[in-house]
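We call the chains A, B, C and D, going by the order they appear; numbering starts again at 1 in every chain.
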Amino acid sequence: MSVSVQEADFDIGTEVAGMTDGRSDIGALVTFTGLVRDMAGDARIDGMTLEHYPGMTEQALIDIVAEAQTRWPLQAVRVIHRHGSLEPGDRIVLVATASPHRAAAFAAAEFIMDYLKTRAPFWKKEGVPGGGRWVDARDADASAEARWQSPQPLSK
Amino acid sequence: MSVSVQEADFDIGTEVAGMTDGRSDIGALVTFTGLVRDMAGDARIDGMTLEHYPGMTEQALIDIVAEAQTRWPLQAVRVIHRHGSLEPGDRIVLVATASPHRAAAFAAAEFIMDYLKTRAPFWKKEGVPGGGRWVDARDADASAEARWQSPQPLSK
Amino acid sequence: MDVLYFAWVRERIGLPRETVETEAASVAELVEELRGRDPRYAAAFEDVSALRVALDQAMADFDAPLAGVREVAFFPPMTGG
Amino acid sequence: MDVLYFAWVRERIGLPRETVETEAASVAELVEELRGRDPRYAAAFEDVSALRVALDQAMADFDAPLAGVREVAFFPPMTGG
């Protein structure tokens, strides 16, 4: 398990290689990459600033990954979340999961993303014409997280 | 949409770059990579041969991707499936989906994989000590496909 | 009519494809004809429930008619991915 | 006790962190104290239901006791990912 909170960009190919190279026990590898979109609803976005809570952020990500590892057989997990100033098209977050089985790899990656949205202390401020605005926490994120609570949805 | 059936290996980073570079409208990118495992049940696997039905294979993949596109808002889809001789640790298949929304990108990638397993004419022969054996179609794959049939499971 | 075999069907019959002259009206009739040829075909078509068939590269049933069909393929359930 | 502010809480108050001398027994009492300081704090703490609090970097409730706590952080619901 490896978790990073960083300003620097990341390379998906490099991260994936670090998880799988030299191994032949992995059957399924899932990656999720979140990117800055140039639109939010009807508004043009010209950039985004990501603020975080140093120390607590890393621990929150470690805890989320540890929880995923108790639920699914994971052979490797990589989480990278950027902070600072980003532009449309920039990568924000990477979650990569490796497992013998594809259902587990998919479920774990979705689980980590859902939990990360509501439990990792990051805050997005979108740059819109005339200023900036803090992104509202979406009810959709709370319900995406809630679906992982008992009964457990996936044991395939 | 782009579909390839090939003997050659692929590079996840290159494929993903081809989907996202120069764009700023994508919010979520999901990749699934299937790899040759060195074990199947209790048996050691020393390689795998993938046979396919040229012509029908490509059309089946195109149809599956087209079906996914009717179900979710997808901005780019890439599918690569290898055939020929593979070794443990080798990549077999890549499915990558890009969407404004993460739930759609995840669901579409899972859907394409589930359908691919039962509808794309590939057959795996595992190399085991003393010979080779054709992989049995798993009931789990049929039920993984069945879950996408009505009622539609995901409209988040 | 071209008849194609894949995976263990191909191995049991011993060839990947052949041209077949037939009056068979349906897939099932074609299977009966082939099965009667020799033990290799009999072995390949022993349990039709373990087989799938495609007509002109589209999945079909064993009672599908063969009129106008140019390519028939027999194979086990798919195991890609 | 160190008190940290993030996102629009930080912007409304005008600083990211400060050291606060307080006898407050709970988070809610600390919020009352801060709210009474000046209009910037009053604006930041106007609607506590829009806020979250962490004690020593672990999420907590507003009625949680402050005994032994070294770091309190106030922020809106998280929006990462």
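We take it that a residue touches a chain if its C-beta (ideal position, glycine included) is under 8 Å from a C-beta of that chain, and two chains touch if they have at least 3 such contacts.
Because the structure is predicted, anything quoted here is derived from the model rather than measured.
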{"item": "Intersection of contact partners for chain A and chain C", "value": "B"}
{"item": "Chain centre separation in whole Å, for chain D relative to chain B (CA means)", "value": "48"}
{"item": "Chain B and chain C, separation of their C-alpha mean positions in angstrom", "value": "26"}
{"item": "Rounded Å distance between chain A and chain B, as computed from the means of their C-alpha atoms", "value": "22"}
{"item": "Intercentroid distance (Cα basis), chain D paired with chain C, Å", "value": "73"}
{"item": "Two or more partner chains touched - positions in chain C", "value": "81"}
{"item": "Per-residue multi-chain contacts in chain A, two or more chains", "value": "34, 102, 113"}
{"item": "Touching pairs - complete list by chain label", "value": "A-B, A-D, B-C"}
{"item": "Interface residues, chain A side, partner chain B - complex", "value": "11-14, 16, 20, 22-39, 87-89, 100, 102-103, 105-106, 109-110, 113, 140, 144, 156"}
{"item": "Residue ranges of chain A touching chain D (in the complex, touch as defined)", "value": "34, 50-53, 55-56, 59, 81, 92-93, 113, 116-125, 134-138, 141"}
{"item": "Partner chain B, residues of chain C touching it in the complex", "value": "4, 6-8, 10, 54, 57-59, 73, 75-81"}
